[in-house]
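The following blocks contain the structures, represented as structure tokens.
First chain A sits with chain B, and in the next complex the same chain sits with chain C.
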Partner chain A sequence: MIENYKEKIPAPLLDKYLKLTKDMKLTKDQEKKILDKLEKEYNNAKIAPGESIGVITAESFGEPGTQMTLNVFHFAGVAEVQVTLGLPRLIELFDARKTVSTPAMEVFLDKKYSDNQATVKKVAALIKETKFREVVSSFSINVLNLQVECELNKKNIRDLKIKEDEIVEALNKGLKGVNVKLVNKGDSIVLKPNSEELKDVYKLKEKAKDVFVRGIPGVTQVLPVMQGNEFVILTAGSNLKEVIKIPEVDETRTKSNNMFEMHDVFGIEVARNNIIEEAQKVIQNQGLDVDIRHIMFIADIMCATGEIKGITRSGITGEKESVLARASFETPIKHIIDASLVGEIDTLNSVIENVILNQPVPLGTGLPGLVVKMAGEVENEKSTRSNKK
Partner chain B sequence: MIDVFLNEKYIGEVANAKTFMENVKAERRGGKLPATMNIYYDEKSNEIYLDSSKGRARRPLIVVENGKSLLTDDHYEKLKKNELKWSDLLKQGIIEYIDAAEEENIYVALKEEDITKEHTHLEIDPIVILGLTTSLVPFSNFVQSSRLNRGQKTQKQSLGLYLANYHLRIDTDVNILHYPQAPIVRSFMHDVSKYNEHPSGQNVVVALMSYHGYNMQDSLIINKASIERGLARSTFFRPYSSEELRYQGGLVDEIGVPDKDVKGYRSEEDYRHLEDDGIIYPEAKVDMEQVLIGKTSPPRFLGDMEEFTLAANTRREASTTIRHGERGVVDNIIITENEEGNKLVVVKVRDQRIPEVGDKFATRHGQKGVIGAIVPSTDMPFTASGLIPDIIFSPHSVPSRMSISHLMELLGGKVGALSGRTIDATTFAGEKEEDLRKELLSLGFKENGTEKLYNGITGEEYEATIFVGNQYYMKLKYMVANKLHARASGRIQLLTRQPIEGRAKGGGMRLGEMEKDCFVAHGASLLLKERFDSDKTRLHVCESCGLFAVSDDYKGKKFCQRCGNNVEITTIELSYAFKLLLDELKSLGFYPKLKLKSKYLD
Partner chain C sequence: MVETKNIDYTKHVLTPKHIKMDEKEIEELLSKYNISKKQLPRILREDPAIAEMDLKKGDIIKIIRKSETTKEAIYYRVVID
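After this line comes the complex of A and B, so read on.
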């Protein structure tokens, strides 16, 4: 029975059908009825030749886009982690901006650690970028000895699980030519510069504040959140490459909201999924409903070359074949001049060129051409006419 | 020390700001310092500014001292008896004017009951927190503020009697409502602003119900009989003027019936209303583009050649005509002279506007809508007493907008109409809802204002009781007659050969970018092409050089100006706009070469 339909219905659909009807004990007749119906539905769902999917997708995004609320409400989230949402984020996504306005990551841990609060906290502390100023309660300049004295913040050190030696090591690494000493039984650190000038001591103090002590550069905030039955660490700032090096982190589920980062680390397919996910997040957040296939279509086009390309004049739109189509989008003069220099030929294959020329656009009713096969007398007449021209 | 500035000039310094301020204010209230001076202490910069310059917006407030208003009942009594005047209160320092700067230093109580020790001033009445038009909204303390804004906006757009001497004036865009009425439900600002002398609406009977779906989404049902009795009728006036201008060389315009040999002569039909002086007679019925004032002008340019020809003496037609799409009756004609001594003729045309489907109406609560249907009174619902409402308003327009004041006005209007009095609906001080309900009950109606209504078509009783009341309805200046527009063919632009823009010029309706996308999305490709056919042209293309060729229709020959006669020339159909684009490219030194190919063969 199934064999007859293998050609007509794609395998994944058939598999699904088999899975669903496994325990049903259908008769041959019933089975045939269902499979016929399935075939019909499948064929109905196919896109017809000449269907203008591009414009339909654009309208499906454009219309709800007009309903998106004012810019003011586009920032959502708790004070700790802020995320850009709404229209600005959608524009950012489809323009394929290299830098995301609010980079963020969702860091998943391996299943065996993910419900252990202590481990989660430890990993979170490892991820967060800690600077020297965060482990110091007060900086002071000793004018007599020309040195900077930093009183350590014991509470923060304990919370972050950093050893004093680690801090000294980091300072030695971050500040070249400075004598770093742990004094007062590890309660404070003294920094002594080579220079004898007070100006340099002050400079050292300011520089020391931003010395990188531990963590992953770029990650400014971490927030472990319970999702389902496991902890997930949400971060502000992203550095996917470094995060997945941490052994406890589950690199198969961890993700960033920067599609280029995802592309660099995991490849183009993941980037495509990332675009779809992020776009859907925006649309769902606004309470709108856009069919996922429209989003998939845009993501496919953006990733089709193996590289991410935005819908901008330097991205996909700039690669359109037709000169007139490009010129009607942005910077027309540039496109016309460039086209004339190389003698570009516009074959008028797309919509906008044909609208400009007042010709039927090659879509829908304009797609099929009527060809009459002429024979005999009529044929001869035609050929003589064309000769006359 | 604190710097002191007078009119933004440094004049000195004081040690204690508080005592200085108090002294200055006391002197001002006592009349020793001018009442027009205001004082302001800026805590941030620690400076005191005295200002007596002109051009500051100031408002009056009652002075409060030690938690007590200086304006006592005693003053009220005297004011009522006319023994005291506003200026006296100013002189006594009971009322003072505060400017925007001084307002920063004071603390104003809205009502007398609210006064505490800290307050320095009291509003003259709580209603002053609203503007003039906003305070004309009845029961406005029962409605959302944004509705109030809208209600105030629609009042400004309403038609009424803007001036009693309108027929003597020549204002543009004048609409006069026939039989305007003073509102039954009014605020005391109506009396203050003498609203009754220039009202802009009518009191009508309104039923809150739906009617066969013709009043969905804010549209209204109007009783046809009410319209025939003159409800919401208005007249539109438009003055047309023409002047006898003088030109260089002693040439002048001439008002009169143009001769037939004048350049640009219209048809005789268009001039038929003109009298011998070239001006139309009063009460003439005029239609679109007919001449009101006949005028001829001297020829525009005296070219070298034309000086010697007969055409040199031909004058140009320069008559004034009724605007495109308008009509009316000549109301008034003024013949006079302007400042330069030129003859000036003004013809005022009036046009009666009877309400029609699509005309816009509004109440004073931001509830605006257009007429959805005009129903014969035989089909309208009626009450047990046989009363037929003038307007049916959709109940769905109320809950989401929370315009309680709208319902209060209906209730108040009903009481007022039945008892023959006006209802006070002043903000914060209007009549109480319970009192209105009680009065309505005593008048023999249900206290909540609802009534049993009967279906006008079948005569059956409606299951639900319907809320019926009286309300002040305004006709807004947006009327279908001013918007209606259609075109089959007409004038085109010289450059692009596309239809011209705008209703007044009889222009085309643009099928825009997004509409185009809709056609594309539906795959209606050939329909789209037809829509954009307005500027299609037949062009001849030289197949050898790809540029446009010439067709000499007289000789029946086609040739290319560049390649000569012996080339293949094909005729194609294109939009003129594209031809223009190619021509412009050519003028910039580009070579846009057309390569022709049959779409269907190959």
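After this line comes the complex of A and C, so read on.
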């Protein structure tokens, strides 16, 4: 019985029907009646061809948007990584900005490591970008010997599980033409430049502070948190490509909030899902409710060309065929001048250009044209003509 | 990070199933919706999800997405360079 309706009614509706009628002892006739009614209602609820769903979507986002917080600085919970939320984030998402204002990642670990706190801490330390200044407690300049003396911060070194040799190696790599030496049984590091000028020693001191020691460039903060029954590492700053190369990291679940990173690493379909997830996160976080179909629609349009296009004049709006449609969005004069220089033709196929020209728009009842079915052969045509006369 | 790891970029939880369509299926699809290939959404050939497949420009990929509203939703993308 149910099988006949699988094609006609979507699966979630059928599941709901089965759940509701489980305990009722329905006869075949009754079942058929209900399912027929369900199918009818479902078809009635469908959007009609020619409906302007774009405008409906815009309104559905616009109204809740007025209630969103305009404050950029928000903490998603206590002692967590700072994330942009509310309207600024939503604008950033739909404009498809290349750089996210607060990049973040959710790093999952392989199931066998994820409940072991020690391993999680170790991986977190590996991910975090460590600069030389974080492992040094004080820098001092020795004017007599023209060298920089850096006293190492033993506690930080222990916490980060870095070996002193690693630091020396990193310094050798990061600073060219500098003599790096470990002194005082590994308690401090002496940097001696080749130059004999004091000015260069000062410069070296500043340069050394920013030498990259270990970790993944771009990740400034790490925070392991319990999610369900496993640890997840939340990060501030993102570098998805490098993070998934770490052996303990589960590359199938790790996510970034930058859709371009997701697109580069996993492909367009993942980027689309990422946009939907991120938009839903913003909306739910604000206690608002926008139907997921609207979000899916926007995400589909943004990803239709195989690359991510934002809803801006350089994105999808800039790719519209009609000159007048482009001009009506932003920078009208530029578009009209450009079009007139190359002799562009506007075929007036869409809505906005017809509104400008005061013509019926191809929407709703304006969409269908009249199709005449020519009956019979050419001879008949003649006869019908003569009949009319 | 010295150890190298084999990463399968097509196995992410958010990646839906990508299937290459054969000629017959493509014809059926295009005649069903009365469209040309140009009107379909596109996908780059170097997209990580299909990079391993043997594809050429103009092939159509059938994508079976998980959907909240219909459980499974089918989407089509045409391969471009």
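General observations
Note that in this section the second predicted complex is superposed on the first by the 313 of 389 C-alpha atoms of A that agree within 3 Å, B and C clash if a C-alpha of one lies under 4 Å from a C-alpha of the other, contacts with A are read in each partner's own complex, and residues count from 1 in each chain.
To be clear about the criterion, a residue touches a chain if its C-beta (ideal position, glycine included) is under 8 Å from a C-beta of that chain, and two chains touch if they have at least 3 such contacts.
Remember, predicted model here, so these are calculated numbers, not experimental data.
With the C-alpha superposition on chain A as described, chain C and chain B fit side by side in the combined arrangement. Of the two partner chains placed by the overlay, neither chain B nor chain C lies in contact with A:A104. When the two complexes are overlaid on their common chain A, residue A:P247 makes contact with chain C while staying clear of chain B. Within the superposed three-chain model, A:A11 lies in touch with chain C and out of touch with chain B [touch as defined at top].
When both complexes are overlaid on chain A, the residue A:I127 reaches neither chain B nor chain C.
Of the two partner chains placed by the overlay, only chain B lies in contact with A:E59; chain C stays clear of it.
One geometric descriptor of the composite model is the angle centred on chain A: between the Cα centres of chain B and chain C it reads 130 degrees, in steps of 10. In the superposed model, A:L357 lies in contact with chain B only, and not with chain C. Taken over all C-alpha pairs, chain B and chain C come no nearer than 19 Å in the superposed arrangement.
When the two complexes are superposed on chain A, none of the residues of chain A touches both chain B and chain C. Note for the complex: chain B touches chain A at residues 516-518, 520-529, 532-533, 535-536, 568-570, 573-575, 577-578, 581, 585, 590-591, 595, 599-601. Residues 50-52, 55-56, 58-59, 336, 340, 345, 351, 355-367, 369-371, 389 of chain A are the ones that touch chain B when the two sit in their complex.
Residue ranges of chain A in contact with chain C, taken from their complex: 10-12, 126, 244-247, 251-253, 255, 262, 264-270, 273-274, 277, 292-293, 296, 300, 303-307.
Considering their complex, residues 1, 3-5, 7-16, 18, 41-44, 47-50, 63, 65, 67-72, 77, 80 of chain C touch chain A.
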